[in-house]
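The structure appears right after this line, and notes come after that.
By letter and in written order, the chains are A, B, C, D and E; residue numbering begins at 1 in each of them.
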Amino acid sequence: MANLVIENVKKRYGQNEILKGINISIETGEFLILVGPSGCGKSTLMNSIAGLEEVSDGRIMIDGQDVTFASPKDRDIAMVFQSYALYPNMTVAENISFGLEMRKVPKEEREKEVTRVAEMLQIGHLLKRKPAQLSGGQRQRVAMGRALARRPKMYLFDEPLSNLDAKLRVEMRTEIKKLHQKLGTTIVYVTHDQIEAMTLADRIAVMKDGEVQQLGTPQEIYDDPANLFVAGFMGSPAMNFIPAKVVQQNGTYALSLETKSNVVLPFPKPGALSSHVGNTVLLGLRPEMITEPQPHKEGATFVVKADIEVEVTEPMGADTMIITRIQDAEVNCRSNPAYSAQPGDVISMMFDTSKAVVFDKDTEERLDK
Amino acid sequence: MTTKSANSGSRTTQSGRPARLSLADWMPKLVMAPTVVTTIVCIYGYMIWTAVLSFTNSRMLPTYKFVGTAQYERLFDNDRWLVALSNLGVFGGLFILICLVLGVMLAIFLDQKIRAEGAIRTIYLYPMAISFIVTGTAWKWLLNPTNGIEKMMIELGFEDFRFNWLSDPDMVVYCLVIAAVWQASGFVMALFLAGLRGVDGEMIKAAQLDGAGIFTTYRRIILPSLKPVFFSAMVILSHIAIKSFDLVASLTNGGPGYSSDLPANFMYTHAFNRSQMGLGSASAMVMLGCVLAILIPYLYSELRGERHE
Amino acid sequence: GEVEVLHWWTSGGEAAAINVLKQEMTDAGHTWKDFAVAGGGGESAMTVLKSRAIAGNPPASAQIKGPTIQEWGDLGFLTNLDDVAKQGDWDSVLPSVVSSAMKYDGHYVAAPVNVHRVNWMWANPEVFKKAGASIPTTWDQFITEAKKIKAAGYTPLAHGGQAWQDATLFEAIALAKGSKFYNSAFLSLSDDTLRSQDMIDVFTTFKAMREFVDPGFSGRDWNIATSMVINGEAAMQIMGDWAKGEFTAAGKKAGIDYVCYPAPGTSGQFTFNIDSLAMFQVDGDDAQAAQQDLARLILEPKFQETFNLNKGSIPARLNMPRDKFDTCAHASMDAFLASSTTGDLLPSYAHGMAVNSMVQGAINDVVTNFFNSESITAEEAVDKLARAVKAADM
Amino acid sequence: MSNIAKRQTSTLDKVLRIALYVTLLAMALVYLAPFVVMLLTSLKDVEEIRSGTLLSLPASLDFYAWGKAWSGACTGGTCEGIAPYFLNSFQIVIPAVLISTIVGALNGYVISHWKFRGSNLFFAALLLGCFIPFQVILLPMARTLGWLGIANTTTGLVFVHVVYGVAFTTLFFRNFYQAVPAELVKAARLDGAGFFTIFYRIILPISTPIIVVTIIWQFTQIWNDFLFGVAFSGFDTQPVTVALNNLVNTSFGGKEYNVDMAAAIIAALPTLLVYVLAGKYFVRGLTAGAVKG
Amino acid sequence: MANLVIENVKKRYGQNEILKGINISIETGEFLILVGPSGCGKSTLMNSIAGLEEVSDGRIMIDGQDVTFASPKDRDIAMVFQSYALYPNMTVAENISFGLEMRKVPKEEREKEVTRVAEMLQIGHLLKRKPAQLSGGQRQRVAMGRALARRPKMYLFDEPLSNLDAKLRVEMRTEIKKLHQKLGTTIVYVTHDQIEAMTLADRIAVMKDGEVQQLGTPQEIYDDPANLFVAGFMGSPAMNFIPAKVVQQNGTYALSLETKSNVVLPFPKPGALSSHVGNTVLLGLRPEMITEPQPHKEGATFVVKADIEVEVTEPMGADTMIITRIQDAEVNCRSNPAYSAQPGDVISMMFDTSKAVVFDKDTEERLDK
């Protein structure tokens, strides 16, 4: 069990600075999820934690010990590589048990462990195969198995489920969650799956261009994003950013925008708007906050109805996205599939601003913090 | 990827605490150590020693009476040396080129799921196995103007067939090329075959889909990914070329005249048979200089262009 | 004690000869370690010797000859044989040409095994008869007769295109210009002589030989050339008396199946080539005793006789019984004695007896290149020769 | 690569395939020619060699020359054939090949996967170094061996061969390992495997083709070496090449080419055997599919 | 442009039959999505279509031509490999333009194409790098770029977006959709992303164990699954399968089950139940059909309220999953995050069976088809 402190870690490849001073500190047993756009440095950071890449600057501490220069095997970390890195000459079973063998676990116990892990990952029937004879998802599961067979201080998972089907992914996610609850091992986990991020993480670090944009609980990240980037990055479909003018009305501050007609939306923290009166800010409103009129919300404090023109509809199974355009910004609204709307229709929608946030148009920083 | 210990010196001061150096951290260096020591002593030490000798008038055995660059001046005043040097150019160039082309070609051909691959491979490879001390004789016969291939062809009815390269001072160097290619090309083939066997199958599939035919796939995808193999082959071949000594000694002994002399033979003859250690050393240094002039840029580009890890 | 002998006497007759010595050593209670390194006129053997010497582990005895003995002496590797020499009275049994070559700094350091005459010409009388030619005694005559032989469809001159064979032929031609010329050119290395008209003539004659050899001569070993004479493919060969071994081994009789003549124009002259075993300093009384014994045995008449009968050469010792030797050997012995008083006894440059290996090599380069090149004129060759000799004699 | 030589159906493909076989076989014949000459010569008697042409078949199968080359021919003063020298050669070749291959594999592994500052530079230096003409190292090496007390011994020869063979073995392995994905080593390090364990368990099992190549190279080089063999051996440790050289240059009267050729072929048999045996391990595509990218 | 017919294609690796007789036929310009659990044979099928694996049996026709034995390059297909298969010795730009070069596109045009594709995939700044210097997602995009640069008869995409972040994935998805609309090229596409499958596909083929389970439009697959497997596989979280007893009530057939109390749920196609009266069947009900009471649904035909006991809640951003247990089956219900429920609470939920389906417990086949 480890608490992990990453202090001002930098990493350069030749000219390019890939990590620009990362600071992250998590507690023992925490489940940290790293998210960020492709190429932002997540894998590099993972490699640095594991000691597989030498950092150019900064320090990494595990359990209060400086391990910046410790060799990977002394750090007692297990990792799932994004590229799997299976040993091509070994069978699946050997791949999984290799780490145990290295740690001098007796043969019998290894075999038991392999069986257990293989069953959990549903690869029991593949144990005798070589990696080259596996499908993509099977390889990925073997890569997982290799890490899960061990009981290290810390697990690092680099997109461990990306090649699995939804069903299996849910099952695996559950297994990981159980494992974490049972062992309390610190886990750092990279994923692009929002649901994974939201359901697994104790805390999420959102990275961009080699920098941590925000480090917080899933709910914080979702409801209280530090800046436009974080807000836009988390949530699928993404949060809508609608240019809105700050107006003073009835002694408080509100946001005014043009849909089919002019609407004025109340704002939960009007004080934050006070210094921006007359300016245009970006109103951040998640798609699920713009819905078809729902009787039970009628009359709530921050709910306002307005007409919009439907541009496109996108059925997504459980919901249908209605896409419209407000002040030149494309806006996604989430509606019940039963609520049928056709492109070109002008329909009434409910805008719920109880969780709305506002950003500066230029700096992209939150204004209402 | 670098080991932690590598930069620990500079790092220590930076992080303000000494990095622990376990045995494991030293392992890579320990493993290399014997090679490093022997290389420094037995290659570079001797090289420097030879360089020193080249400035002395050492005769039968080394002495240390320095004569400045006199030996080099003598060397470049020596017709035989100039012939040897230009022979090396012709011989080395042709030999390397033909071996590479032939080796690659044979390797690719053999890689087409050929029946009896093992037997054919061994046939291509076997010339390496037989010492030139004797194959030299067989080649001498084959190339001999009176009773070799020429005679055979004439007996087969090609009355006007002439093949007298071995006794023609202008052509004899090509005889060396023929015999040397015969001997070394099989190994180049093996080298490439080993490389081909390691190429990722998916990549080839991708190339096929991209519309590359089999030849293009080899030329553009597979062979370029065998760049390291080319590198090995180049080094090996130039090494063989530079050191072709047995070959000359057994096939032509430098003749006719000294028209087929190569620098290695020149060097050996002068240093050991003519008690001109100083001159021999000078010629060795010039040989080395030529190699370095060609090789260093190549090595540089090869090792620098390596992937970052 | 043990005695290790490094040599390159590996051809049939030589090997048999050396086995005699080995037997005698064994009989004397010593162990003979035979370190034979064949090939290239002892080139490899010399390399081995140097490597052994420098490793501090030289063999007790090694086959070296001529000026090379002096070079090894200079380096202080050789041991003193004066005691054995005194016992065996070497000073008187050896001709002075020989004994002086065995000494370094006035002390005996090597034991001679034989004396070769180099300026021999071997001929197949059958071929001459068929071609209607007669044995030439001058080089001009040689050319005339050779033309006849060639016209008759035989190869006039059996020759191997190796540098030392070219040199042997060249030396014989130069020798015909007189001993003084030879001395001045190959011993004194006089620039004037090297550039003289005589030398140009020598080169011209030498080049004339080129058309009398067959096209396949390049790189041919001398004994193959000899066998061409034996088989009647070729008429003549200019080669030292070791060629006789080949005739003997082929069951040919001197004077009947083959004849030996001095090379054209050199009948009174004798170019010699002396083989010898030099003794190196070794540790241990046993080893030293064995070494001294070896030196003694070499000079014993029995060994001298057997060895030279096998090798085709004549004993280095004077006053040996002659009866076992053939006519060619007798001729050689006579010439040896006769020439030693007239100043016609000359060291063979082609076999490293006259000059050090550097000069020899330099001359050989010019000679062999000239012989094989079509473009060089005799004048140019002479100039090259003079320059090469000067450069080598640095 | 299995898919390149796909099932061929069209006639063009068939023609190409036939052409391929024809080329391969033609080349094989060319390569074989000198050997055939040697083999035929070794089976003829001296008279036949003189009179016949190179490729004429021997009048009768006669293994006289082989027997003589093996145990009767004279190499210098002794006439025991080349048989006694085989053991010497094996005593030199086997340790030298093993040691240089192992050292080369380890070096290649370090240079490609455990780089340290200067390791690449050293590699370059090693490679450049191997272009030093072997002739110039004879004397200083002799001195060194003398100092080490292993002059003119088998150990000394093994040492020399290892020292000058390592550059090439390192080159072969380094260039092969360069293509092994770094992630494999990383994964193994995390699994807790140390330097040697990774080498032994992960790297070595996928190195078969290059081991084959290296062994072929080293075995051939060392077995056929003459220069070191002659310069650094004692009279009782001479390798078979030196004996062969002596044999070829030893002649009683006419040269016995049949014996020479037979001796040469016999001397080459161990190498040929290595080729045949090692050739089996040219297996294909071991790393395929291990790693993305 | 091609129409693709796959007839009874089988593929064996040694003993294992990986494809067990696949039959798929799609029209020119259709967008077919292959889904199925990891290891079911999707990649193998793709490889077979491309001609990279020899099929053991059956026939593949493109444009009415039998190409079963045609060489890959004659099929004019571009493919994105699951394992990328980039050319390691070429730069990104070279990787992308290689296919064009092979087809003799002039240099200038190639360069333009590379620029266009790179911009679309946001890898313009990486063009000079070698694959080894890229992050996982960047490599995947290069693999995409290689295919997209060409204008083949058919595209095959094998999980082309699995390593991209959600935002990028949405963008890429849109690009692919646009491309498809513009060029009308036939596309076969493997994905594990349900949203991708639903939004991109003209038709979806659901595979399992080397067999096609159902081939239909996304809506068909979602609303009208052929069997339990398809129903359970599509949709995330998956459809709930609740054992229910068929009862006869008020002259029609309905389903009875125990929640906190006994409920009887009406069924839209009661006729299908007639022959199962008294038996237990599996009722398939998607999570979004079990919600917190929503006033606007009150009183609808197929809506019934029932009490359940909350076992776990799982906030997922836009929704919160409420997990309960009904007749021993775990059941996911989708609720508004505002509707707060705690584990252990007994709450009232609305069951909407308007889109419910039923399966045989044993054969797992649909009963109401």
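In this text, a contact is a pair of C-beta atoms (placed from the backbone, for glycine too) under 8 Å apart; a residue touches a chain by one contact, two chains touch by 3 or more.
Computed from a predicted structure; not experimentally measured.
Trainee: Identify the chains in contact with subunit D as well as subunit E, in label order.
Mentor: Intersection of subunit D and subunit E contact lists gives A, B.
Trainee: Just how many steps, at minimum, does a route from subunit B to subunit C need if it may pass only between touching chains?
Mentor: So the least number of steps between the two chains is 1.
Trainee: Greatest Cα-centroid separation from subunit E: which chain?
Mentor: Most remote chain from subunit E, centroid-wise, comes out as C.
Trainee: From the mean C-alpha coordinate of subunit A to that of subunit C, what's the distance rounded to whole Å?
Mentor: Taking the average C-alpha coordinate of subunit A and of subunit C, the gap between them is 93 Å.
Trainee: How many angstrom lie between the centres of subunit B and subunit E, each centre taken as the mean Cα position?
Mentor: 58
Trainee: Measuring from the mean C-alpha position of subunit B to the mean C-alpha position of subunit D, what distance in angstrom results?
Mentor: 15
Trainee: How many Å are there between the centre of subunit C and the centre of subunit D, using C-alpha atoms for each centre?
Mentor: One centre to the other, that is 39 Å.
Trainee: Among all residues of subunit C, which ones touch two or more of the remaining chains?
Mentor: As it turns out, subunit C has residues touching two or more other chains at 47, 50, 54.
Trainee: Indicate the residues of subunit E shared as contacts by at least two other chains.
Mentor: Touching at least two other chains: 52, 71, 83, 86, 88, 132-134, 136.
Trainee: Going by the touch rule set out above, which residues of subunit B reach two or more other chains?
Mentor: 1-3, 7, 24, 61, 147, 200, 202, 205, 208, 225, 268, 272, 308-309, in rising order.
Trainee: Mind pulling up the subunit D residues that touch subunit B in the complex?
Mentor: It comes out as residues 1-5, 17, 20-21, 23-25, 27-28, 30-35, 37-38, 41, 53-55, 103, 106-107, 110-111, 113-117, 119-120, 122-141, 144, 163-164, 166-168, 170-172, 174-176, 178-179, 182, 185-186, 194-196, 209-210, 212-213, 216-217, 220, 223-224, 226-227, 241, 244-245, 248, 257, 260-261, 263-265, 267-268, 271-272, 275-276, 279-280, 282-289.
Trainee: For the complex, give me every residue of subunit A touching subunit E.
Mentor: Listed in rising order, the residues are 13, 35-39, 41-44, 82-83, 133-138, 140-141, 158-159, 162-170, 192-195, 198-199, 218-219, 222, 232-238, 286-288, 294-296, 314-319, 334.
Trainee: Along subunit A, where are the residues that touch subunit D in the complex?
Mentor: Result: residues 47, 50-52, 71-73, 77-79, 81-90, 98-99, 102-103, 131-132, 139, 146, 150 of subunit A touch subunit D.
Trainee: Any idea which subunit B residues touch subunit C in the complex?
Mentor: Per the touch definition, subunit B meets subunit C at residues 57, 59-61, 70, 74, 77-80, 140, 144-147, 164, 166-167, 169, 172, 249, 251-259, 268-270, 272-276.
Trainee: Which subunit B residues qualify as touching subunit D in the complex?
Mentor: Listed in rising order, the residues of subunit B that touch subunit D are 1-3, 5-7, 24, 27-29, 31-32, 34-36, 38-39, 41-47, 49-50, 61-62, 106, 109-114, 118, 120-135, 137-139, 141-142, 147-148, 151-152, 155, 182, 186-187, 190-191, 193-202, 204-205, 208, 214, 217, 222, 225, 228-229, 231-232, 235-236, 238-239, 242-243, 245-246, 263-264, 267-268, 271-272, 280-281, 284, 287-288, 291-292, 295-296, 299-300, 303, 306, 309.
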